[in-house]
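Only one structure is covered here, and it is reproduced in the block below.
In order of appearance the chains are A, B and C, and numbering begins at 1 in each one.
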Amino acid sequence: MTIDEIVRLVDGRLQGDGSHEVHDVASLERAGPDDLTFAEGARGLAKAGASRAGCILVPDGVSLPQLTTVAVPRPKLSFIRIADVLRPKPATTPGIHPSTVVDPQANLAEDVCAGPQVVIERGVTVGPGTRLGAGVFLGEGVALGSQCLLYPKVTVYPGARIGNRVVLHAGVVVGSDGFGYVFAEGRQHKFPQLGGVIIEDDVEIGSNSTIDRGSLGTTVIGTGTKIDNLVQVAHNVRIGRHCLIAAQTGISGSVEIGDYVVLGGQVGVADNVRIEDNVTVGAQAGIPSGKALRKGMTYWGTPARPLPEFKKMYAHLSHLPSFVEKIGRLERRLAK
Amino acid sequence: MTIDEIVRLVDGRLQGDGSHEVHDVASLERAGPDDLTFAEGARGLAKAGASRAGCILVPDGVSLPQLTTVAVPRPKLSFIRIADVLRPKPATTPGIHPSTVVDPQANLAEDVCAGPQVVIERGVTVGPGTRLGAGVFLGEGVALGSQCLLYPKVTVYPGARIGNRVVLHAGVVVGSDGFGYVFAEGRQHKFPQLGGVIIEDDVEIGSNSTIDRGSLGTTVIGTGTKIDNLVQVAHNVRIGRHCLIAAQTGISGSVEIGDYVVLGGQVGVADNVRIEDNVTVGAQAGIPSGKALRKGMTYWGTPARPLPEFKKMYAHLSHLPSFVEKIGRLERRLAK
Amino acid sequence: MTIDEIVRLVDGRLQGDGSHEVHDVASLERAGPDDLTFAEGARGLAKAGASRAGCILVPDGVSLPQLTTVAVPRPKLSFIRIADVLRPKPATTPGIHPSTVVDPQANLAEDVCAGPQVVIERGVTVGPGTRLGAGVFLGEGVALGSQCLLYPKVTVYPGARIGNRVVLHAGVVVGSDGFGYVFAEGRQHKFPQLGGVIIEDDVEIGSNSTIDRGSLGTTVIGTGTKIDNLVQVAHNVRIGRHCLIAAQTGISGSVEIGDYVVLGGQVGVADNVRIEDNVTVGAQAGIPSGKALRKGMTYWGTPARPLPEFKKMYAHLSHLPSFVEKIGRLERRLAK
């Protein structure tokens, strides 16, 4: 791909030789003369001057002497687009592997690919272009859309509904029973876990994450939401569209999360919390049962507070030793 | 099922038409004229008035005009019992799937069901009525009781002993090596992980949770204890009977937990902690190494404290800004 | 094995009858006349006097009347060595199970063992003596060294490179995509996850842990590092040699960790943190984005601080109620 072609693809402004070709993408540190890379932010641009990259995407208005650059409004975003073109998609073995067990009453589109030892139960439907890795399990009545990619050993419990272009990484479990018990007569009685689970289009879920079905209602993960590894989503949770949920975060039963919400890693959300649109929650924060987090605000800490409040309390905490000294001085002066 | 039959089943007090039939259970919000539901607590009962349910279980002494209700001491508990009757258990394909690999020296009861690609090694015993999902692995010498349900891709390491009516959700690992090393000569030397693991009757363990074997002793999970998803139980841990352990909680080596203990989500219990009967620990709490939590008490925070103490400290924390102001005022007054 | 042989093996000093034989290892509490055990520390040695063990390894200079002891500098370490000899390694079924699917362009050493339903894709290489448990998946081009042990249901994504004597427990995922998105035009755009992952020699990783590949760079886990269950290692993380990382800890993107680092359980390390050699981080600590933890120091708390500082702040916190009282007294005195 010539740099002139790149300029056209991302509608950028060239500095340098547009006829030069790049064949791959790479990081700023590793890129060589055949590679395209990008630089953003003070740190990135400071390092860019020493790069050996064949072409660097830079923010509008930036120039790097002696280097071939293409200026665009958002270099990282343009980099994603070019990488999609330059890097061929990994080839998939077509067809259904002979060791795969497909129920005669399952309904697979013609070009579905299934690796070895996949199990597809009765009443399952799988849309066109969907690929199933080795050992994937689709329980009775699962509906799986088109162009999905399920990595090895994903388990989908019976009845789950999954949209189009959904990516589930290895070991993901969708639709397991929620954790609900009533204590009586000296033991725990299991509350019925009969509800559904819906994963909408363009969702991606990281390795070994677990998504429980609803108890009587439905667990929903909205369009475009991305979930990292080892995340727990409990029964009846409703997550909106285009959210980001980082690794090891846990979301308890009946939580409602709006659109464009960002949860950091290891966040704990207790049951019946409501998180409005565009909220950001910092890593390891804990949100107590029944709380409401307000639209567009950022929260941190356990129990989570709005960021300015958290920062103020935290600053005071850091100054505790000086407060203690001040109290001592006051006491001594009064004693005189 | 007529409502008269329901009244008899749960020994309730009817208001309305006992000859009406219900065919399913549903949540208060979703229940229609053919459904049974329940209402409890101020919030539930407030919503119940607008319900379209064919029958509502309510607490003794409550009446809802114009609606068919059955009054019982504990509506949610009675609901569980009726749901068990109304909802047929999902059918299981009987027998052993031909792709399953069973060692000739394994001992399976006649009516054991095993899905595709199950692996059962030498010396394994499986009791009557137990069902094994696709891809379950039972290592050498595992003893598994009757009426158990193992969902797809459960791994049980060699030698583990599992009781009756145990439910293990997808991806659960039972009996992996504990995490014990001795540092010498510039590297970690692995301590032998030779012990056993015992899961007693009526235990349920959520998706992708991990239970390590003992190092020299035995890891034990007591009768009726319920464990949520992504929970870690380390080597030599002993958990008592009828406990509840919520998602993503981690229990370190050699911890002892009594009966009827409740641990919230994302709790961390360090090694050699002792938790007595009927203790409750709030979500995200951290219990330092070697601590003892006293019978019947509730703990919260990191490091965990008894709830009244935690609340007091937390209240003071919230008032830190006002203390700082007070100190300032005192200083200014003294300066005059 | 006679006790005289043990004395020679660990270069110890015998007290008692060297001709006595022991046949197994056991804990101090459980060891009988045929067992070897060890005792260390005040608590261990206090219990040792009542042991029925056939032989007890004790620290140099310690003697236990009436008992057969072997004194060594580090009893637990010597115990590990003897256990390695006394306990036979579990036998492995040799060869490749007929249900295993091996691509003709994979390259397996002659004595590789593979359990049922293993999948080995094109271009994979596996070194001598390596054993693959049931249902292991090795993606295209994976390089796996010699004498490795992969337990059932491990998933290795294409291209990962794994050294010699590596142990991966059940459900481990190596090489899944990192969690990187750029928000634009109302949705998340996935950043390319094209990098590699290298697991060096003698690494052990616990059940259901997840190790992401690099985005453009490489995720590296250094020689001899041991990782517990349910740990998350994100893209581009570099972990040094001989580290210990306890259960449920999460390490975010581009973190750099030196050698001999110890992270407690449920620690959260935000992105771009740098942890120098020999650092110890206490359980549940949280390390904010971009921080550097200094060589040889111990850190605790969220946000993590050096231990002395943390202890001081924590002590002040505990005394908050008394500070509040003092302020009240000062105010009352001034008011007079």
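Basically, a residue touches a chain if its C-beta (ideal position, glycine included) is under 8 Å from a C-beta of that chain, and two chains touch if they have at least 3 such contacts.
Worth saying up front: this structure is predicted, and the values here are computed from it rather than measured.
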### Task
Check every other chain and keep only those touching both chain A and chain B; list them.
C
### Query
Same or different for chain B and chain C, when you check if over half of the residue numbers at their contact belong to both copies?
different
### chain B and chain C, separation of their C-alpha mean positions in angstrom
27
### Summary
Note: chain A residues in touch with at least two other chains are 99, 117, 135, 153, 171, 208, 230, 248, 266, 317, 323, 327, 330, 334
### Task
Using the touch rule from the top, collect the residues of chain B that touch chain A in their complex.
25-27, 29-30, 74, 76-77, 79-80, 83-84, 87, 90, 97, 99, 115-117, 133-135, 151-153, 169-171, 202, 204, 206-208, 224, 226, 228-230, 242, 244, 246-248, 264-266, 283-284, 317-318, 320-321, 323-324, 327, 330-331, 334
#### Entry: Contacting residues of chain A [partner chain B, same complex]
99, 101, 117, 119, 135, 137, 140, 153, 155, 157-158, 171, 173, 176-177, 179, 181-184, 186-192, 194, 208, 210, 212, 215-217, 230, 232, 234, 248, 250, 252, 266, 268, 270, 286, 302, 312-313, 316-317, 319, 323, 326-327, 330, 333-334
